[in-house]
Amino acid sequence: MNGRIVDLFREMQRIRIFEETVIRLFKASEFSGFLHTGIGQEAIAVGVCGSLQAEDWLTATHRSHGHLLARGVPMHLLLAEIYGKESGLCEGVAGHVHVADMTRRIVGGNGVLGQNQPIATGLALGLRLRRESAVVVSIFGDGTANEGAVHEAMNLAAIWELPVLFVCERNEFSELSPYTSQFKIKSVADRAAAYGFEGYSLEGTDVEAVGELVQRLTSKMRRGGGPALVELRVVRWHGHYEGDPQQYRDAALRPSADPLQLLTESHPELLGQEVRESILTHAREEMEAAIRFARQGSHLDPEALFARAADTGVPP
Amino acid sequence: MNGRIVDLFREMQRIRIFEETVIRLFKASEFSGFLHTGIGQEAIAVGVCGSLQAEDWLTATHRSHGHLLARGVPMHLLLAEIYGKESGLCEGVAGHVHVADMTRRIVGGNGVLGQNQPIATGLALGLRLRRESAVVVSIFGDGTANEGAVHEAMNLAAIWELPVLFVCERNEFSELSPYTSQFKIKSVADRAAAYGFEGYSLEGTDVEAVGELVQRLTSKMRRGGGPALVELRVVRWHGHYEGDPQQYRDAALRPSADPLQLLTESHPELLGQEVRESILTHAREEMEAAIRFARQGSHLDPEALFARAADTGVPP
Amino acid sequence: MSTSSSLVPGTVLKKYRVAIRDALAEEMTRDANVLLMGQDIGISNGLFRLTEGLYERFGPERVRDTPISETATVGAAIGLAMLGFRPVVEIAFSDLMLTCFDTIVNQLAKLRWMFGSQCPPLPVVIRALTGAGLGVGSHHSQSLEALFAHMPGLNVLTPATSADAAGLLKGAIRSSTPTIFLEHKMLLRDSSPVTPGEVRQPGEAFLTRTGTDLTLVGYAYTAKLALQSAVELAAKGIAAEVIDLRSISPLDTDTVTTSVLKTGRLLVIQEAYKPFGVGAEVIARLAAKNLGHLKAPMDRLAVPFMPIPASKALEQFYLPSVSKVTQRAVQMMAA
Amino acid sequence: MSTSSSLVPGTVLKKYRVAIRDALAEEMTRDANVLLMGQDIGISNGLFRLTEGLYERFGPERVRDTPISETATVGAAIGLAMLGFRPVVEIAFSDLMLTCFDTIVNQLAKLRWMFGSQCPPLPVVIRALTGAGLGVGSHHSQSLEALFAHMPGLNVLTPATSADAAGLLKGAIRSSTPTIFLEHKMLLRDSSPVTPGEVRQPGEAFLTRTGTDLTLVGYAYTAKLALQSAVELAAKGIAAEVIDLRSISPLDTDTVTTSVLKTGRLLVIQEAYKPFGVGAEVIARLAAKNLGHLKAPMDRLAVPFMPIPASKALEQFYLPSVSKVTQRAVQMMAA
């Protein structure tokens, strides 16, 4: 149990370091494209993904670094993908927004919001048909909840009683617009009743509470239960993308509390300065090694794209 | 008020005669295509459409004869469209499934389920921008409620507080499948809370009750109120399409009560035999004239399709 | 498409509709990972009875009714495929595939390519009814093969005979490439010979009639029209060679090239909208080759560039027909 | 696309991005029925700053932020158009239009044709960012014009210059035909001359450079590539004629025909997937004419038939480029 608190802290610290570092590297133009980070949302990634079993499946978002890292992806493989290198998780072909690691049962981000939720229901159906007790966790942002695909997926999961935990990462923004411009309801969790399952809303900064709820809900599913929806509330720290001027942002809406600090405050005895410094040092070391790895790698030989196409059945 | 009861009966009778007759004509191969009728669902059509004002808008369904007739469309124009004649509402080009009468502010059926609900929100937004007090009624079947488009439209109506009355014509079937195979929730009206407006569920056989509810809800909207959802419950009398063998149909699920008979029973004094027979005779006369009209008309000159294309901006 | 009773030994005469149903049953028997999903395909046998008897035979887990949620259905099929299943989705009208178009062309078609070999093949087959002729109007009659064939990552098949319906469907279910399988409404009741168990591969056009004067290219219903027109043309002394493309992606233009090198004339017949369609692609591929002097410009016969009218009379005016093909062929001969 | 400072009198130099914004503002000023809808187009000015300042100028009723619900947004635009409004919808990436593809091609494009003259024109303009070059991968970089141009009922426009961005957009807003207006991401910062107030009509290709040896046809970003390549080719003694299509539907192939009759060689350059694309349609139309003997087969230069890779290096390999165009043109001259 005590080890667990330290683990939670360690995983959040890894994500924090990773996000801080990619922001720095992005500003230094080490890689191109967009960059969405989940800095400040580490308790969601770790609380949710840290509660899963190896055989469970995860669908992540366009803001997925935390989800992937918390699910056990090593920093260097993720960073190499962001750099577009052959040594990356998808050989640099998918890139930051779509990065996946199916060896760890992570379907990954999706460039088209809402499209991962139907896929999650299919995974869950497959697990049930195979009589496996694994579950599927499908994360999406608050703004994404208004895509038609999400609605269809939730109803499908409900009527087929599929083991999907829908996790809404509510960070109060949909790209450059506030939650209140997208919803009339107080909580996205209110959507669950529209399909006939349960919805929960929780602070997304308390990693322990998040983990406990996810544990409780997924263990019901492992015993044959149907879907559930959890809204996890934070307030986005940075812009939608790094570099976002955020002139739309209401100054009154303060970034949510630091989940690392909250955990430290609840467990001062376990997370003393020495422990935290050692964790930080390790995270920095993993990060430094990841940067060396990503920089050093080369791009996929472009000709290999054709082999990939043939291999994946893309007709000529 | 007494006149109103007779009017309600008359409108339902018109629809009943129309549906009975088109079924007979269809069996006699007088026209081709599919045929979906709303026989037995007359109280919904009349209760809803009879409560609207001329300046209101309606979006109907693929089962829309009743909706159109109750909104004042003469039988002959509708029948001629079903016959594919130039004298039909859309000159035979749209056909039974898609028939519209925009002169009466009826956007019509839609071949693609769910696609009318977003259009309804746009109409409602336009009315509000023009500072008009008219409302939009958007009817859809129970099965259609699980289309993503419906979800997106309901949320849009909610956040923009648009005067859309969503009417779910719940007839217990989605094509060839029962309600219970499509929903885990007891009532489609439960969906309203997911967007932040009110949902109501009512027997769809009591034309007076339907009319009163629609009156009440639309008059709130005329004064600036936002959307609402009404589920109107019936049990489909016939197959999904005429000729449907319905082997899927649970015999225990009896067709819902006859709305004409129910109204007669509640108002024996107003709807005596003589009154009813006179109404029936008039309905039959309108029907007979409509058949003559539809048969007599010719098809649009095919070359006129090109003019229509040019006129409607379809580039060559 | 022949209804001749002199069957080649080892073949059986089957309706196109039944050939599809039987192919599904055979693949489900052969491979427990094959399962069907779609609206009303279970106890109701599907709107066009294309899954008749399969629910009784394979049960509700493998013949699964879906709600009216095409996006969720196709998305779920992708998830199932990621776990090793081979889902076959039925969409009763190909027009309705446009409600889940992103799921098909941005997700199903691309995900494996994007993720690489860590992602298993996604052998989803989407079967949909295509084509006009029933008088059911603009939203239930379109021929949309070009939309799917423009996008990488999908095979797009358009069988015209029972043998192709069965053989190509079996091939599609076993293939590692996702497939759009378009079944033409007006062919459902046509009977033609099928070799039981035969599996056919995509990407091979089929020479259905030899001739020397001009090449008629069709697919799905227009393959039938072309063949019927060739009979009319023969009576006029014109020997038309007829090719059934069968597969729109991959597209076999070698067979067409060989034929056009011989005949010097090409007419591609399609029920789809003309611009950016199958005829355009076939002709552009041939134009890029050094075919030398042709006897007439290569051309296309398609529908007018407008939606499909519901009225039966207007629909007939709108659609290609045997006589329209014959007339155009005669014009090409005269040119 | 010239950045020359010697402006024609009466024109002003403008960034493509600004030309679009100004055209919107002008039309909104001219016609109170014009209104804008899209994600984050209001106070945030749009993801690519294409509506900068319009929210302050025209207020929230006419510059309306929408939730992440593309289907509802485009559907709502249809409803507004039925009441006489002229909605201009922004979708930040054209790839995402596939989530509302039915609403665009089955509803917006067809309804007025289906209903007839009882239905008013539906002058909805959908503006979307198109094209690759930012390294943002398979779901945010596609060129999908052919998908829309295959379907009747839509104009499809692909401006390459500020003057076309402004003029064609103004024309589209005033047109009674719904329009898909594709703005190329890599052109947003290009400056070129604009005649204030000018309105341009769809369906006219533009001869951007005259030459006698071969015809290069491009549109949007490839129109720029073609022009740049023509400069390289001139240095090699090859006189390329360059045509910017500007409008994919309607498609002006007369201008191309005239040019090819002169040069005898045609290369169509597209950033889109090759099969069933713009090159196919252009070539098929020319093939149907009696062009006589060409000096080389008409051909297309497009991307490999696969999704777009995210990695910048792979993306550069994948995309057409000036040197690829030049190389292919040199080959055609040698053939």
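Chains: A, B, C and D, in written order; residue numbering restarts at 1 for each.
Keep in mind that, in the parts below, a contact is a pair of C-beta atoms (placed from the backbone, for glycine too) under 8 Å apart; a residue touches a chain by one contact, two chains touch by 3 or more.
All values reported here derive from a predicted model rather than from experimental measurement.
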(message) Going by average Cα coordinates, which chain is farthest removed from chain A?
(response) B
(request) Between chain B and chain C, tell me the centre distance in angstrom, where each centre is the average of that chain's C-alpha atoms. (result) 36
(request) State, to the nearest whole Å, the distance from the C-alpha centre of chain B to the C-alpha centre of chain D. (result) 41
(message) Based only on mean CA positions, could you tell me how far chain C sits from chain D in angstrom?
(response) 31
(request) Could you list the positions in chain A whose residues touch two or more of the other chains? (result) 93-94, 98, 110-112, 115, 146-149, 152, 155, 159, 181-183, 308-309, 314-316
(request) Please list all residues of chain C that touch 2 or more other chains. (result) 67, 69, 71-72, 95-96, 98-99, 102, 106, 109, 113-114, 137-139, 152-153, 249, 305-307
(message) So with touch defined the way it is at the top, what topology do the chains form here? Options are line, ring, star, complete, other.
(response) complete
(request) Spell out the residues on chain A that touch chain D in their complex, using ranges where they run on. (result) 31-34, 84-85, 92-98, 110-115, 143-144, 146-149, 174-177, 181-183, 247-248, 299-300, 302, 305-306, 308-309, 314-316
(request) Could you pull out which chain A residues touch chain B in their complex? (result) 146-152, 155, 158-159, 161, 181-185, 190-191, 193-197, 226
(request) Name, in rising order, each residue of chain D that touches chain B in their complex. (result) 35, 61, 66-67, 69, 71-85, 87, 102-103, 106-107, 109, 112-121, 152-155, 175-178, 202-203, 249-250
(message) For the complex, give me every residue of chain C touching chain D.
(response) 95-96, 98-99, 101-102, 105-106, 109-110, 113-114, 137-139, 146-147, 149-153, 249, 251, 272-273, 275-281, 283-284, 286-291, 293, 297-300, 305-307
(message) Under the stated contact criterion, what part of chain B meets chain D in this complex?
(response) 89-91, 93-94, 98, 100-103, 107-108, 110-112, 115, 117-127, 129-130, 148-149, 152-153, 155-156, 159, 308-309, 311-316
